[in-house]
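Listed below are the structures to be examined.
Across the two complexes that follow, chain A remains constant while its partner is chain B and subsequently chain C.
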Partner chain A sequence: MKRTIPLLITAIGGFVLVFAYFSPYTEDWGEKTMIWFDVIAAIAFVLGGGNLLKIHLKKTSDQAEGWGYSVITLLAFGITLLVGLLKIGVNPSPQFPHFAWSGEYRENGSPFWWLYEFAFKPLTATMFSMLAFYIASAAFRAFRAKNLEAILLLGTAFIILLGRTFAGVWLTDWMPEALSGLKIDNLTVYIMKVFVTTGNRAIMIGIALGIASMSLKVLLGVDRSYLGSGQE
Partner chain B sequence: MNNGLDAPYPTLTRLTQLSFRLSRAIMCLAVLPAIACLAASVAMAQGPAPVTNLQSADHPWDGGDNADLTWEVSADDATLVESYFIYKAMMQKGPIPADLLTESERKYALVDVVPAGTTEYTVGSVPGSGYVRLKDLSDEQRALFDPNDLPDKPHKKITVELGYLFKIVAVGSDGSQSVETITAAPYSPTRQWFDAKRMYLLIITIIFGGSVVFFIQHARAGKDLKIRKIGGLAAVDEAVGRATEMGRSCMFIPGILDMNDIQTIAGMTVLSRVAKTAAEYDAKVEVPTCRSLVMTSARETVQAAYLSAGRPDAYNADFIYYVTDEQFGYVAYLQGNMVREKPAACFYMGAFYAESLILAETGNSIGAIQIAGTAMPAQLPFFVAACDYTLIGEEFFAASAYLSGEPEQLGSLKGQDVGKIIVGIGIIVGVTIATLAAWFVDTGFLTTWSEYIKGVILT
Partner chain C sequence: MKTERIVWIIILVIAGAFLLYRASTGQLGRVYVEGTLNDFVVDYSDPDNPGGTVGKHDARVLTVDEASEEGVAIPEVGQPNRYQWWSYKEQSAKEFWQETGVIAVEPESGADPDAANSAAGEGAESAAGTGAASTPAAAAVPQMEYKLSIGRTAGLWAAALFTLAIFSFLYRDNPFYKTAESIVVGVSAAYWMVVGFWTVIIPNLVGRLLPAMVKGWSMPGIEPDFEWTYLFPLILGIMLLMRLSPKGSWISRWPLAFIIGTTAGFRMITFIHADFLSQIRNGIKPLYVPQYTDAGQVAASATFWASLENVLLLIGVLSCLVYFFFSIEHKGIVGKTAKLGIWFLMVTFGAAFGYTVMGRIALLAIRLEFLFDDWLWLIDPKDLHTLTSAATGGG
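Moving on to the complex of A and B:
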């Protein structure tokens, strides 16, 4: 029973979405199915939030290694949740002029805006900017000329990297019009348009077929590994 | 007739009369074309005659957002008309008539210009239904609705039928325009049960789905099916074994999307194998998740794996936990955890975006054996560069069949091969038609098919 009902829900939900794609008249059914998923995901968020609190409260109470970070996590979670739930605005709204904080909670100067602008955005930008350094270190390792394939990869990468900079354009600018195809910037465009697109399409076709096959297995209940043991 | 001139100079008078008549005839001959030219230029200035009998009808087998227009060409179609300009305008929104719509809403927009001689056209992007929000309606508009149909909150949507008027203007070669011809009443397209534009996809789906089901049944009947070795999946046991030997944990990251993404489901099937191996080796598997539903599913999967390994007592739900929905918050946690805990094996199986390289490089820096699997083409190069093994696209989806070894799952892979054959044939046929159509431009059949492939199948 624990497996049969989820399998039925999966199959019905999946086939409704497939049917809705081909039948415009049933588009609404597909949209409703997706709304049900959103409802379930929203309920599940309580589970996630509860789990987060449980882990970090335990870590704090046990004073385990790094428990200070758990305190910060709990504080950040609590403050953000409170600010989000209370929807504290800056000015009174026209509907409720007697309540000083009843205005739009996302407008400039509100606590929500403040958290977003001065906590969330800088932290996210910091994490994202680290990517530049990781790209450099990964490229250094990937482009080692160990064998013929690696040399080809290195050469191609060199042309593309150079072609995307001003130096690349400038270096081969002197070439006559008859040899314009050999200019580094044009070579870059050619490689990206022909070789990269071809490789990408081959991978995309494989992915599309894989997704279709996997989806069918899940809808038909052939693959049930995501459902657990089924024991009560 | 005697006018007094005839008497003394009869011959001269006759000559004069003759010359007078002649000159009048010549004048007439000269003036008539001029009058004709003048008349023609007046006609040109007024523009060609308008089209007649303009009708709008529902476009069959579509999503209810197209309308078919038909008309009879202008009387000047063969002479003055160069093209027809087709316009559309929304003229009805549920019970709201045109005069209560805003100026911008009921403004005619140019749809297309078709050459002279055309008598039909399909107008797109005219959805038969839409919605309005209560807060956007004026009191006058609101009064037109049935009070029972109005929602209780101002931001809520009300679904309404949308009606359109279409007009056609015949335009001459000199730019002169005919009088507008407008459809008689607002028209609202209707949705049908089947979208014929997707017919080709339905056929492919039926063939592909049928072949997958056929080979699953084929495998159930006991036929032997072989699958090539996938290095990344074969290395799963090796990675868990290494973690056990080193006395360190394994970290499994199921991507950053929810359970409604097929990649996350595929990741769960790999997790099942990883957890089972870990249970057998008595290694610790940690699964930090980015979504609550993924956490719940991962717990079920890992618990089932421990059970099937005969070690249900070793299962600890606390190792599978939720971190945050935020992409970079999740990444920050994982990075910190990796650096502190130094897991011996890291598995990245699911949907990844910009975090792929951050995670893989961090894993690389701590010396973990890393296996990744994703169907995000943009992230594959990063995983290939930084991980020991990468399951590329379809290999990732084949993982469940490969790892389970169940004949019916392997049968689905055989069905996938049929899909590849269909795609291969499709590519060859499409390329051949497009190439021939480019060579033999005048061939109507090839050009039509080439246009259909480019305009319908490839869009």
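Moving on to the complex of A and C:
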């Protein structure tokens, strides 16, 4: 019961989508299965929120190290959830002004929009932008042009970086027309068009074959690792 | 006191003094908005039955101007069936100053500059005494207001402080960074929950199981029918939430199995179709690509380079695939081909690395531009808030 039914659900859910692709009569089934998937995925966000609450409430009640930050997390979570779910500060839709809840939940100027625009967006963008420093630092420590492969990798990265800047274009602008293929901007385009396409194409073919075989193993019940050890 | 601490205190004091100075001159992050008045009348009268009324969903929504043209009774503001609110959108400081007459309106090419400037003067007059400028409410012209938005200005400052808090991690882990990190965790978890609730759960689940309720509440425009089959995702969703319970966590295997099964089925088809087959289809190209001159003759040099491109593509893909083929030992000709594949892959990885670095640096530049342009008004690449240049017509 604990393992057989999940295996059946996996196989039925997956094969319905596979058959839906090949038969026009089962096309609706595929669409419906995908909507079901979306619904369960949206409920999974609730699970994520619940888990966050559970962990941080425990940390706060235990007064574990750094519990003050857990309180901040809980406050940020609670306020965002409250203003978003209750559509606080959201005006009705102009098409239906007599339906108070008809407005867009992310309406420009609403508190939920404010939190997205002035907290979520700058915080995540700044976190990602900081990776520029760490990539540079890691590259400085790890990259050494000690063999041909490393030279190819470093050289290509250098050409690509330089070729997309004003300085790179300016550096090789003096080259005569006969050697225009060696201008750094043209070289960048050629690398992208030929060499990168070959590598990416081989990688994509490999990934597609890997995913197809892995999916078949899961659907046929050969790979059951997602069910866990069965001891809980 | 440690030298390091003294240095930081000096830096913070200088930064604070600079902010105070900028604030005193009015040259510091502010957000202005342009407001439009939404004014509606809901008409419940039944056109087919004089004296009768229609239901909430069949009522007509009219703007006040439309209602007045059609002779529909217009209730007072605040009374039932009259709905009024302001919608605001952001505008640049320069636009605000032009609308309120602080600076002259720049004439568009071909427009009469005197006419434009007199319009700005009228705006300034109507702004007097109210702190906001309202254009005369002519018939059929939407009522507008221009003002400083306290909420958005506070938001701009909060965003700037959050940005600095995250950047402070470059020095070392500190309470400012930890606070910002805690906020982003809480806000993002709740944000995705709210998005999932309003975009998926309400229209696709509640809207199918309780269509009348959703139609009368948050989505009056939808016309879904009751579909009992959506009880399945509801039940699976509730089972998924059992993961939070220590004893009932095995129950969540059923919805998890559904998620894994549908993902596997969907991915298998899409990857074979979109990646495997399409990449092979795009890889099959002629190895000889003749290029012709204007006179119709084969151009030898151009033909060579065009053909070489396709030959390199073929050799590159095949050699990379040989490298990925581990069922044969990489020795002899196979080993040499795999080695060539590695070279092609190294070029690919080098380009990917270059693009990743560039992407992150672009993001960093955007954050710095936000700090120096939107917040501190120290730079103005789009000429949106420099009073002196704007006042002189951008010159």
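The rule is short, and it goes like this: the second predicted complex is superposed on the first by the 200 of 232 C-alpha atoms of A that agree within 3 Å, B and C clash if a C-alpha of one lies under 4 Å from a C-alpha of the other, contacts with A are read in each partner's own complex, and residues count from 1 in each chain.
Convention: a residue touches a chain if its C-beta (ideal position, glycine included) is under 8 Å from a C-beta of that chain, and two chains touch if they have at least 3 such contacts.
The model shown is predicted, which means the values in this text are computed figures rather than measured ones.
A.B. asks: Should the pairing of chain B and chain C on chain A count as a clash or a fit in the superposition?
C.D. replies: Clash.
A.B. asks: Tell me which partner touches more residues of chain A in the superposed arrangement, chain B or chain C.
C.D. replies: C
A.B. asks: For A:225, select first, second, both or neither according to whether it touches chain B, chain C, the two together, or no partner.
C.D. replies: first
A.B. asks: Once the structures are superposed on A, label A:55 by its partner contacts, choosing first (chain B), second (chain C), both or neither.
C.D. replies: After superposition on chain A, A:55 lies in contact with chain B alone.
A.B. asks: After lining up the shared chain so the two structures overlap, which partner does A:41 touch, if you call chain B first and chain C second: first, second, both or neither?
C.D. replies: both
A.B. asks: Who does A:128 touch here: chain B (first), chain C (second), both, or neither?
C.D. replies: Once the two structures are laid over each other on A, A:128 reaches both partners.
A.B. asks: For A:171, select first, second, both or neither according to whether it touches chain B, chain C, the two together, or no partner.
C.D. replies: After superposing on A, A:171 lies clear of both chain B and chain C.
A.B. asks: Touch check for A:23: first (chain B), second (chain C), both, or neither?
C.D. replies: So A:23 only meets chain B here.
A.B. asks: After superposition on the shared chain, which partner residues are touched by A:138: those of chain B (first), chain C (second), both, or neither?
C.D. replies: After superposition on chain A, A:138 lies in contact with chain B alone.
A.B. asks: Between chain B and chain C, whom does A:118 touch in the aligned arrangement: first, second, both, or neither?
C.D. replies: second
A.B. asks: Superposing on chain A puts chain B and chain C in one frame; which of 150-158, 168-176, 186-194 or 348-356 is the clashing stretch?
C.D. replies: Only one listed stretch clashes with chain C, namely 150-158.
A.B. asks: Which parts of chain A are in contact with chain B and also with chain C?
C.D. replies: Common interface on chain A, chain B vs chain C: 18, 21, 34, 37, 40-41, 44-49, 51-52, 66, 120, 123-124, 127-128, 130-131, 135, 139, 200, 203-207, 209, 211-212, 214-216, 218, 226-228.
A.B. asks: Which bits of chain A are touching chain B when the two form their complex?
C.D. replies: Counting only chain A, the residues touching chain B are 18, 21-27, 34, 37, 40-41, 44-49, 51-52, 55, 66, 120, 123-124, 127-128, 130-131, 134-135, 137-139, 141-142, 200, 203-207, 209-218, 220, 222-223, 225-231.
A.B. asks: Note which residues of chain B are touching chain A in the complex, please.
C.D. replies: Against chain A, the touching part of chain B is residues 62-64, 191-195, 198, 201-202, 205, 208-209, 212-213, 216, 258-260, 262, 265-266, 268-269, 272, 289, 291-293, 295-297, 299-301, 303-304, 307-308, 318, 321-329, 331-332, 340, 354, 357-358, 360-361, 364, 375, 377, 380, 382, 384-386, 392-394, 396-398, 400-401, 404, 408-409, 412-413, 415-416, 419-420, 423.
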